[in-house]
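In this document, chain identifiers A, B and C correspond to the written order of the chains, with residue numbering beginning at 1 in each.
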Amino acid sequence: MADQFDLECRNVVKTFDDFTAVNDISLAIPKGSFFSILGPSGCGKTTLLRMLAGFQAPTSGDILIKGASVLGVPPNRRPVNMVFQHLALFPMMNVAENVAYGLKRRGVDKATITQKVNETLARVGLPDAGPKQISQLSGGQKQRIAIARCLVLDPAVLLLDEPLGALDLKLREHMKVELKQLQHEIGTTFVYITHDQSEALVMSDQVAVMNAGRFEQVGAPQDLYYNPKTAFVAGFVGESNRWHGTVEGGDDHKIEINLASGGKVIAKRDGQTNLVTGQGVDVFVRPEAIAIDGTEGADNSLSAKVDNVLFNGAASSLQVRELVTGHEMTVALPQTGAFASVKAGDEIRLSWSVEQTRCFASTEGGAGA
Amino acid sequence: MSKKHGALRGSLLGLTAIAGMVAFTSAAQSEELRLLTWGGYAPDEVVELFEKETGIDVEVTLSNNEDMISKLRATGGGGFDLAQPSQDRIAGAQLEYGIYKPIDLSKVDAAKFIPSMLDATKTNTTVEGDVYGVPHVWGTSGLIVDKSKAANVADYTDLCAPEVAGKVSYRLKRPTLIGFAYAMGLDPFAAYGDEAKYQEILDAVEAKLIDCKSNVKTYWEGGDALLNLVRSGEVVAAMAWDTGGWKLNNDNADITFVAPKSGALGWIDTFALPRKTKNEDAAYKWINFVMQPEIAAKITASAGNFTASKGADEFADAKLKAQFQGSFPPADLDNIKWYPTVPAGLEVLEGKTLDRVKAAQSN
Amino acid sequence: MSKTASITGGSAFRFGLLLLAMPLLLWLFLLVILPHMDLFLVSMRERISYGKYEFSLINYIEFFAEPLYWNTYVRTAVMSIFATILTLVIGFPVSYYIAKVMRGKGKNALFLMCLIPFWVSELVRTFGWMILLRESGVISNFLQWAGIADGPVEMLYNDAAIMVGLVYTSMLFMVVPLVSVLDSLDDSLIEAGYDLGGNAFTVTRDIVIPHAMPGIASGCIVVFMLTLGNYLTPNLLGGKDSLWFTEQIYTQFITRFNWESGSAFGFLLLILSSAIVWIGLKLSKQTLSETVG
C-alpha cells in the first residue's frame, strides 16, 4: 500500500528552540505526480523541504521514501535530489562535469557517465552545452542544467526550492510550461515549493497550501481555487474581494451576512455548520464572478462608481467603490466589447450569485490576500 | 653605466638635502648632542645634570659595536655627534670606512683620566699619527658560574667537561674564539700580525668548539636571554661579561663572575667623534662632564662597570667594589688580556671559523 | 585653433594624471627600485683593500662554493615550505569553522581571538613561546606535575620549536584570506555537493578547495614570504644547529661588515622566494593577478 507513494510524511514536526516551524504535517505523494507546496515566506515550506532532502532532521514524526523510513539517512544517501533556489551549479566545473558529478560519486564507469550525461543534456534540450562554463549560460539554461544534474541520478523524488525566483517574468512564464512538460515526459515525482500561486496552479497535479507550519488545504489547483476550505486559502490563492461581517441567519445552503461596512450579502454555507448567528466571518468573492450590469434578481447586488479602468488585455479589471459604503472592490472586465465604453466616474450595477460567495469564520488578524 | 650611476647619486643627494633641511630646522631650535652609546652609559640622571649645567639637550641612541660601525658606515660618519665604540674596533673601521674624526686632545681634560688607560687607548686608536679615541668605561668578559652546581669550572675549556653537559652556554662570536685559544694555551693576540699562524690557532679552536658543541644548551645572543637562562638554573656555567655575573650575584650568592685561569678578556669602550659630527663642542663638553669622579660613579652604578675616571672609585658602590674584588684577586687583575686593535682581514677568517662551528652537527 | 586648444587640454590632462601617479612612482622608485639597484651594485663588487673595490662576481661564486651557505639556503627554503603547508593544514579547518560553521557573535569572537596575538609585537609573542617551552617553563613543569616526565623537558632550541613559532606567527595571514574566500562560498554549493552523493572528503576536494584556491594561494604566498624572511623566530627559538638564511645575511651585514656578500645573499633570497612563489602558482594553476586582486 505504502509503496504506491514515492514520498510520505507522517506527523512531521520541527521546532527550533520555542519556535515551531513545521507543525504536524502529514502528506503522501503518489508516484509520478507534480506536487507543490505553496505558502508565504516564513510559513515553514523551506524547512519541510530541507527535512525531505535530509539537511535537517524532524523533531518528531517520520519521513518515508518509496515506503522506507529515511530518518537518520544523510542527504548523500537519500534517493532524492534537490534543485536549489539559486541553483547552486558548481562554477569550478563545466556543464558536463556538473552533470557528471553525482554519477562520479556513485563510482559509475567513465563510458557510462559520458553516455548518461549526453542523454540527459539532450533531454533538457541542451545537447551541445557540455563543454561550456557555467558563467556562459543564460538563466533558463542554468535552470535546465540544474535539473539535468539531478535527473541524471534517477531520483525517486526531485525537490525544487523556488528555482524560478531569480528569473525575469517572461522567462519565468516560459519555464513554468517547460517544467511541467519535462515532468510529464520523464515521470519523476516533483516536489516544488514556491510562494508564487501562479507557478503552483499552472504546474501542479496537487498543491498543498501551507501557512504557519501547517497545511491549510491539499488538493488539485481547481479545487483550491473554486472550493477553498479556509479563509487563508481563499485569500491567498487567486484574487478576491473581501469583506468582514457577522452572521445574521440563513439555512442549510445559505448564510445571510451583515457587512461591517454596511449592506448585506448572501453566501454559500458549504457545509460549515459551525457558523452560527452573531459570529464574525470573512466573505470572499472573485473579481471574475461579479457581473457588470447583471441581471435583475441576482442573489447579491450593489451599485458602484468606477474609480479606475485597469486595462491589461484579457486580464483587464475595474477598480470600483460601492456607492453607499465606499468599500473598494475589484471587478473583472471581460474584453468582449460589451463594456468597452466603461470609464472612470461611471456608475454601474454589480451582481453575483450565492454559489460564488464564500464565507469563513474570521481569523484574528486575517491572512493577506 | 657611470652616467646612470651619476643620476642615481644625484637623486640621492637631493633627498639628503631635503633631509638635511629638516634636520637643520630642528637643530636650530636648541643645541643638541646626539650620542650613540651602550645601555647604561648615559643614565637619565647624568643627562639631566648635563642639560642643567650646559643647556644642551642629549639625545641618546643605544647600540653595540657592530651596529655603531654599520650606522656610521651607512651615513659616512653622520647622524651622531659622539659615539662610544670599543677601543679595538676603531682603527680598522677608520681605515676601512673613514667614519671618524681625530680627537683634539687639547680639548680633553687629561687629568681626569687614569693615565695608563688613557695612554693604552691612545696607542690603540692611533691611525696615521692621529688619535681617534679616549677611554670611558672598561670591563672584562670571562665566566659566570653557579658555584653550587659547577664548582670546577675555572676556565673556558672547562665548559666542555662532561659534568656540565647540556648546561652551558656561550656566544658564537669572536671573544669566544679568543678566550678558548688562551685557555688552550695559545696566544692569539701575539699572532694578530701573522695571518697564517692566526689561522692555525683558529683551526685548533674550531676543532675544540665543534667537539664541545654537544655540551652547549644554546648559543646565546642577547645578554638578558643569558641572564634568564642562568637565573632559572637551566644554565650553570657560561661565558659572559662581568657585570652580568655581579647582577646575578645580587639575587643568588652562589652565582658570580669568575675570572678564568687563563685570564679574563679586557675591553675598553671609548669616546670617538663621527666624521660628520655637527656639535663637536658639545661632544667635548660631555666627555669632560662625565669623567668627573662623582658623575663617573653614577655611570658605574648604572652600567655596572668601572670607568677610566681617576678617583671615581671613592664614590662607587661598596657592594660592587666587593664583588669586583671577589672576582679579581690581584693576580687575576694583572692577568687580564686587553684586546689589541684588530687588524684587517682577521674578522673574515674568524667569521668563516664561526660559520663552520655553527654548521657542524653536534652529535 | 580648435586643434591647439585640444592639444593644450590633452597635455594638461596628462600632466594631471602624472601628478596623480606621482606618489606611486616616487614610492616605487625611491623605496623599491633604488634600494634594490644599490643592493645589486654592492653585491657585484669585491673589496680589495681599505676603501678600494672592484667589479667581481666573487660574492656569488663564494655562495656556491661554500656548502654552509648552500645548506642554509636550501634548509631555509625547505623549512619555510613545510611551515607554510603546516599553517595551511591547521589554518584551513580553523577558517572553515569560522566561516561556515559559526554564526553571529560567536563567529566574530572567534575571528577576534585569532587576531589578538597580533596586538603585541612578534618579539613578545616569541618570548611567550620561550616561557612555555623552556626547560624550566610551563609545559615542562606541567608534564612533571602530571607524572608524564621524570625530569625537566627541554622543548626549546630545536627545529620543532622554530616550526611552532613560525606557524603561530603566520596563522593570521593564512586565516584572514581563507575566511574571506570561504565566506564567499554559497552554502548551497556545499549542500548540493552532499545532495548529489558527495561525502565530507569529496565535497571538500571538489567544491570547497577549488573555490578557496585563490585564498589558499594568497595566504600561502604571504606566509611563505614572511617565514622565509623571518629573522626573530628562528633566531630566538632555534638551537645551535638551526641555521636560517636571514641570520646569515644579518651576520654578513652587521657582524662581518661584509656588505658585499650580504647584498649578494639578499639578492639570492629574493630570487629564491620569487622562484618558489612562481612554481607554487604554476602548480596550483593560479595567476598572480587573481591571487592578489
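The rule is simple: a contact is a pair of C-beta atoms (placed from the backbone, for glycine too) under 8 Å apart; a residue touches a chain by one contact, two chains touch by 3 or more.
These numbers were taken from a predicted model, which means no experiment stands behind them.
Considering every other chain in turn, the ones in contact with both chain A and chain B prove to be C. The most central chain, judged by the distance from its Cα centroid to the centroid of all protein Cα atoms shown, is C.
Of all chains, the one whose Cα centroid sits at the greatest distance from that of chain C is A.
Chain A and chain B have centres, each the mean of its CA atoms, that are 88 Å apart.
Between chain A and chain C, the centres computed from C-alpha atoms are 56 Å apart.
Centroids built from CA atoms put chain C at 35 Å from chain B. Multi-chain contact residues of chain A (touching two or more other chains): none found. On chain C, the positions that touch chain B within their shared complex are 30, 34, 37-38, 41, 49-51, 66-68, 71-72, 134-136, 152, 154, 156-157, 235-236, 239-241, 243, 251, 253-258. Of all the residues in chain B, the ones that touch chain C in their complex are 5, 8, 11-12, 15, 66-67, 69-70, 73, 93, 95-98, 166, 173, 213, 216-219, 221, 225, 232-234, 344, 347-348, 351, 355-356, 358-359, 361-362.
Those residues of chain C that touch chain A in the complex are listed here as 186, 188-189, 191-199, 202, 206-207, 210-211.
If you check the complex, the residues on chain A that touch chain C are 53-55, 74-76, 81-82, 84-86, 88, 90-93, 101-102, 105-106, 149-150, 153.
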